[in-house]
Amino acid sequence: MTEDSSRPLDALNQAKGKRVILSLKSGEEITGVLNAFDLHLNLWLEDAERRNNSKTTKLGTIVIRGDNILFISPE
Amino acid sequence: MTEDSSRPLDALNQAKGKRVILSLKSGEEITGVLNAFDLHLNLWLEDAERRNNSKTTKLGTIVIRGDNILFISPE
Amino acid sequence: MTEDSSRPLDALNQAKGKRVILSLKSGEEITGVLNAFDLHLNLWLEDAERRNNSKTTKLGTIVIRGDNILFISPE
Amino acid sequence: MTEDSSRPLDALNQAKGKRVILSLKSGEEITGVLNAFDLHLNLWLEDAERRNNSKTTKLGTIVIRGDNILFISPE
Amino acid sequence: MTEDSSRPLDALNQAKGKRVILSLKSGEEITGVLNAFDLHLNLWLEDAERRNNSKTTKLGTIVIRGDNILFISPE
Amino acid sequence: MTEDSSRPLDALNQAKGKRVILSLKSGEEITGVLNAFDLHLNLWLEDAERRNNSKTTKLGTIVIRGDNILFISPE
Amino acid sequence: MTEDSSRPLDALNQAKGKRVILSLKSGEEITGVLNAFDLHLNLWLEDAERRNNSKTTKLGTIVIRGDNILFISPE
């Protein structure tokens, strides 16, 4: 857990192919299966859904711009 | 789905020539046929339309600045 | 339409010398004849006009800073 | 007007030593004689004045940070 | 304490494997065990919890984008 | 006044050791004797004072982060 | 005071090991003993305290992200 070489994005590598929850700066949540990411935290999600208050909207495949993200959490 | 070399923008490569939906940070939606994109998520769309509440406005060809975008979804 | 080498700014190259409409992040619109642009979407417009609600103001020559722009559309 | 090599900042080169009007993101206007500029649109103005609603304030020499600017227009 | 070579992120190196408190720009607090960080202050936390007013939500593993952070404090 | 090689920050070089007025994006004003500056417009001021509405607060030595600044003016 | 080679961050070098006051963009104040800083004005403070209106909260060791800072002042 304290190796010097581990980096925050390594946690995303382990989450590839699995469902993640995005908490956005706007307060909304988006979930989806993590297909790819880059250094800006731009993400490619499959089977994505947007949760806004009590409403859920199916989004399918999305590419989300990383600067909207507060945090990313594997389910 | 878990190849190391896939990147978020690869999803946009697959969407070229097809209609995409942009969800903007402002809450608006813009749709159009994706003609080109770059690393900043600047997009060149054809036959674009803007959806604002229940109003639709035809925009034709547009170049949208990437920093306005929340996510991009192929229809 | 799906050549790999096309880029969003190529659409602006085609619009040089023609009138374009800028939709700004603030909700305002500016139109003008596109004289030059750069990678930040800084634009040099001639015969520019600003449209704010129902009011139109003649601006003449302007250099607009790209980070104000939502999208650019040839008329 | 459509030479490939013209750039937005060339318009500012032509305005050096002349009075320009700055429209700021905040809605204010500043005018002054353009003495120098750089790639960020940082500007050195002489004999500057700030116009805020119907009030005009003399500012003399100022260096304005480019990220406050909406557009720059030669008078 | 006044060696020239110490850097702010050295404090985070010392906190690896320990619980830290994040104070966010939004006013919220997130705590978790610091697993990794990078130069942007992107953080990988384990056993994370979000504290919003008097409500605590368990988050588990998260990767938080550094630009949301006001400060980081070891407990 | 129209030499090509002059740059906005040259105006600040001339103001070193003299009192300057900072107009901040927040609407506040800070004055002080300019001791040093860098390309981001980070400034080192001596004998600084903050003016907020009709209240003046003595600040002494300060380092101000450039991204807060609207403009800098020699008194 | 007018040597060309002095830079704003030199003022922070002189403040190392001493108590500084941070004025944040949010209007809050944080004080602490300056242990380290970098070019982004990320700071490592010891014995930090947060002052919010009339309330003081002890924070201990903190790493503060530079983009929250209005100015830094040695006490």
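We just call them A, B, C, D, E, F and G in the order they show up, numbering each chain from 1.
Going forward, a contact is a pair of C-beta atoms (placed from the backbone, for glycine too) under 8 Å apart; a residue touches a chain by one contact, two chains touch by 3 or more.
Worth saying up front: this structure is predicted, and the values here are computed from it rather than measured.
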| item | value |
| --- | --- |
| Separation of subunit G from subunit E in steps, with touching chains one step apart | 1 |
| Euclidean distance of C-alpha centroids - subunit B vs subunit E, Å | 33 |
| Between subunit G and subunit B, distance of the C-alpha-averaged centres to the nearest whole Å | 42 |
| Residue numbers of subunit B (touch at least two other chains) | 67 |
| Neighbour-by-neighbour ring order, given that subunit A leads and subunit B comes next | A, B, C, D, F, G, E |
| Subunit D to subunit F touching residues, read off their complex | 13, 16-17, 24, 26, 30, 33, 35-38, 42-44, 46, 48, 59-65, 67-68 |
| Subunit G residues touching subunit F - in the complex, by the definition given at the top | 1-2, 4, 6-12, 25, 41, 66-67, 69-74 |
